[in-house]
Amino acid sequence: MKGNEALAYGALKSKLNAYFAYPITPSTEIPETLAKEFGSEEYPEFRVFLQAASELEAINMVLGAAASGVRAMTATSSPGFSLKQEALSYAAGMELPLLVVNVNRGGPGLGNIAPEQSDYFQMTKGGGHGSYRLIVLAPNSVQEMASFPKIGFDLAFKYRNPACIAGDAFTGQLKEDTIFPTIEPTEYDVSSWAVGTKGRERHVLNSMNLDPEVHAKHVTHLDEKYKVIQRDEVRYETYLTDDAETVIAAYGITSRICKSVVNKLRGEGSKIGLFRPITLWPFPYEQVRKLTEQVKRFMVVELNTGQMVEDIRLGSEGGAEVDFFGKVGGLLPTEREIEEKLAKEAP
Amino acid sequence: MKGNEALAYGALKSKLNAYFAYPITPSTEIPETLAKEFGSEEYPEFRVFLQAASELEAINMVLGAAASGVRAMTATSSPGFSLKQEALSYAAGMELPLLVVNVNRGGPGLGNIAPEQSDYFQMTKGGGHGSYRLIVLAPNSVQEMASFPKIGFDLAFKYRNPACIAGDAFTGQLKEDTIFPTIEPTEYDVSSWAVGTKGRERHVLNSMNLDPEVHAKHVTHLDEKYKVIQRDEVRYETYLTDDAETVIAAYGITSRICKSVVNKLRGEGSKIGLFRPITLWPFPYEQVRKLTEQVKRFMVVELNTGQMVEDIRLGSEGGAEVDFFGKVGGLLPTEREIEEKLAKEAP
Amino acid sequence: MKGNEALAYGALKSKLNAYFAYPITPSTEIPETLAKEFGSEEYPEFRVFLQAASELEAINMVLGAAASGVRAMTATSSPGFSLKQEALSYAAGMELPLLVVNVNRGGPGLGNIAPEQSDYFQMTKGGGHGSYRLIVLAPNSVQEMASFPKIGFDLAFKYRNPACIAGDAFTGQLKEDTIFPTIEPTEYDVSSWAVGTKGRERHVLNSMNLDPEVHAKHVTHLDEKYKVIQRDEVRYETYLTDDAETVIAAYGITSRICKSVVNKLRGEGSKIGLFRPITLWPFPYEQVRKLTEQVKRFMVVELNTGQMVEDIRLGSEGGAEVDFFGKVGGLLPTEREIEEKLAKEAP
Amino acid sequence: MKGNEALAYGALKSKLNAYFAYPITPSTEIPETLAKEFGSEEYPEFRVFLQAASELEAINMVLGAAASGVRAMTATSSPGFSLKQEALSYAAGMELPLLVVNVNRGGPGLGNIAPEQSDYFQMTKGGGHGSYRLIVLAPNSVQEMASFPKIGFDLAFKYRNPACIAGDAFTGQLKEDTIFPTIEPTEYDVSSWAVGTKGRERHVLNSMNLDPEVHAKHVTHLDEKYKVIQRDEVRYETYLTDDAETVIAAYGITSRICKSVVNKLRGEGSKIGLFRPITLWPFPYEQVRKLTEQVKRFMVVELNTGQMVEDIRLGSEGGAEVDFFGKVGGLLPTEREIEEKLAKEAP
């Protein structure tokens, strides 16, 4: 099963209610798979599949559905994700739980349809306007593509905030055996906030507060929520870091190539390990800080010109060498290239 | 004259050729002023003023005009800026020189129309997809609103990259005396790249490179350009930092309040100074690094929940205490609040 | 119950499957009523209610739904109906059965929201491009508003052609007692043409035939269908026309005022009757021709500047005097005005 | 020169000020030609050429430009013309002088790009909502394509009403020698109504009149204007009709084929002539009525399934046989087919 298909089934098994589609390569297998399963008796909760007229319309329909408390989702790829930034800012402002998948392709502009990780900043720092954050999960296998939709929805509903799955063109297209764990979909109690006319208290969801005092209170409330998420929801993987002097930091598809490098160099006696952020936001700064107590050097490997490397630097606060190795344009680094980079620029 | 009006006249005196409008408070005085002057004999180069049907259309028209080598511009405010992210990524990918003004208002979502600086990340790190950057200039006076359009166009054409003026709802609405310096508009030679049918070599501008090798070369070329900009185009202001042990870092309207605080505390004998980034990107990391050699503490003051503070941390690399004081929702910090913050959390 | 509400329930009782909404006064009670009933157990076939982003989108969604063979519908008012003309031409070209309601308001342009019948030509002759026709039903009571959706769907499916209910701002807002007849919804066999992936033969619906010979055959096929409809589906009401020398011709709300006039003048001994077309297309030319054998004068009363009067002239072929009395702007004719008109211009 | 090119130059020589483009085959040579000439010193009044983002946007921009009193124009083909109906109704309601070209192609729906005359009803009767009319001119040669833009603008400005040139895919693509007569562009005094801020009295143009009395007055005013146009502006061509017993009625490209038939049959001794409406609206009913005094039979030849034939019937009022011969799908009738039709169904 392809990563994109696995993600679609993972969403269905988490009781996805509504999907709003606007296809773009390399994410199109997600709506394709969902369209095929729409109406199937196996997924009676999957009640809406709608092909919207544009990326903006798709995400705004997700907002509308999410406001009613259902599990709503869309998927896109880099240029489409850019088009959704305004709406995602609105969703964060209105505290709407929803799931958006960004299968990162080559950029900027039209770029190409090969894998990159160049939307890291867009997903974790910027994107839309205002002081807000997306919860960003970065799977590195088809198995994780299958199991992250549930985690995404759980976090989105727990904190009433948009969650994002940061795929890449490689993981999306990758075929691997996938065991669908018995996903036990969570039931979310939305009665205190969701809109909807029948038998529910009247609620209004809005992101506008013209009075600065009122808006300041709201933004502060959001910020406090984000601090709780940063404290409680960080996810990461460490591999052979206990005694490591050098740690490769990588996420998504890149982390798998780096793991092979670690395995090989460990076999040659190097004290090397791997640090993989799973939540790109909240970022595991604290873990980087702890690693910095022992590690002399981080080598950050990304499919961009240097984005997560800033977060590693922020975590290590000058306490370790932080090097960067990037590949762009849809090219993946080879193990050999990473080894050479490690060798050449050793401190 | 209001800041927004000054900016409009600054653009006209820099020989603005084409403006594509989609109004949004608090940036609307910019198109209003330009509409009034459209057709005036004083600005014969100002040949196109067009009210587009949406934010997306306005920025895409700017791209089209910029592709022909003319001085093209639009202005917007936070939600509108979010809507323009896809197009700005395309502009960076196609290496189009253009000017976009973002008069930052309260966010996320609809927020309000009061001043914030919460689009810092969006302008400097994220925004659109892919590995690209905007050149971002942050004026802190009506005078600078008047003179930055020329600087913006100059940088945009020198590097063939979109430039952004980061205003805020306060500076945009502020009335101050403005002396229009004799702006000597630069002539840009666009013959080697601009499109246009008459008497020009045929050029094609495109942001798509399906071949990963070709795209990698293009992204690397962009990255090298960005490195040159980071080396050569950093702008900042320091105020009484020579012997300072504490430095307040702030930009835009906030920097003016902080300057008053510095003046007052200097009067009381404090070794305190002000560091004001003028280019938010390229960020003056090197200057922060140098200041860190002597400074014990940075106090970063922003109208958000903490964005530029990350860049100060990246610049100081753990070598100084970095504190943050933010106001949100459209509220400005008072001098007293800043003083208290400085006193309370002193290291 | 208001006429618009009755129409909504009439559609529901005819097993409406999908409604695509874009509200416009004075038709908005139709989507409002349907939205309220959406999800009700009483109408399990009503599976899709969608608020589209524009009039164009709403009608194009109706086309998409209709292509799959379900009962799909939208309602609008004059300016919105103009916006739907391209899509209705496509629907006729693709032979899609669907129902569109046009609650005629004052025009041209924005006009006002009071009753007119000035879209008669648009509905019966022109509208979109190409040689095609809508089947147009004109109710003149709340009772007919309730029962015409079933007739509209029946004709639409029988002939695979768009049907239109021509309401007006008066009938739509009128409150009358309505008896919902036990509507026995027809089952339509769409297996020979409808698109849809599951368990159905593959069909393609398209309105493009680049080869002139092929397209000529298609247009001729449509024309033959229209001739059958003209022969078999004409509906009209005659009232006291058997011995009439003068016949008032009117439809919709106007016909009710004219009936009162007939009643009054009959009481005074006049040989006067009423002719009410119920299908505006196919128009009852043959009945007009027959009436012409005995009638000396037609008085056509419309809420426009003279539209159906052309069809009466075409039917009477110079064999009778054909006079016209029109009211515009949202004003209804009084009985007295009609009587005066009849008296003044008598032949 | 092609008909479409001739039309473009005819517009330029009539001092076209603004063209708003949305291309569609077979009208695209019009914007192409204008784009090429944009900026040329020969046409200094041609100040705006803008490629809009959709058909709707193009026509609405024409409305905006026309409101300021300049010569504004767009061209399209059948499906695009349908999309413009709402705006044309608004233009008529606001009494805006403008020129729209409809190069009629095969319909309904996508149809094909070959010649038809199936938009006759749409242009002359229906189209948009409300009681309004377009002034419709039907050229039948490249020479007329060149000279009708001036006539169209003259009528549009004289009556403050949209004018339409009804081309067809054949005339648009036809190449013929064209002599550009010294077109003496008319100067229009728009000072009493046109909007615009500088040095002009403030005017408001609007098509909304919520008060029925006010709106009735406005619609009546329009209707009176239309009656004057019907009285004063009818244009037509008669050929050998003085003693004709049979008259072929045809317009546009069809009229040329029919003229050849007349020539041939006259050579054989038939008393046959040709009647060609040049203004499709106002239609020359009076001339048809006069011809009916002497003519026994009209044979109406159209590229549709029967549209202008209704107007011939309305004009002849049962006083003559009215037959119809139509070709559809993009096929033109041959002379032989017309002769056979004349022979076969002779009364």
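A few notes on this one:
The letters A, B, C and D name the chains in turn, as written, and every chain counts its residues from 1.
Assume a contact is a pair of C-beta atoms (placed from the backbone, for glycine too) under 8 Å apart; a residue touches a chain by one contact, two chains touch by 3 or more.
This one's a predicted model, so the numbers in the text were calculated from it and none came from an experiment.
Over half of the residue-numbered contact pairs of C-D are shared by just one pair in B-D, A-B or A-C, which is A-B. Taking each chain's centre as the mean of its CA atoms, C is the chain most distant from chain B. Between the Cα centres of chain A and chain B there is a gap of 28 Å.
Put simply, the C-alpha centre of chain A and that of chain C have 52 angstrom between them.
If you average the Cα atoms of chain B and of chain C, the two centres end up 57 Å apart.
Counting partners per residue, chain B has no residue that reaches two or more other chains. Chain contacts in this assembly form a single closed ring in which each chain touches exactly two others. Residues 36, 39, 50, 53, 57, 197-198 of chain D are the ones touching chain B in the complex.
By the touch criterion given at the top, residues 56, 78-79, 81-83, 85-86, 89-94, 104, 106-114, 116, 118-119, 121-132, 206-220, 222-223, 226, 304-305, 307, 310, 313-314, 316-319, 327-331 of chain A touch chain B in their complex.
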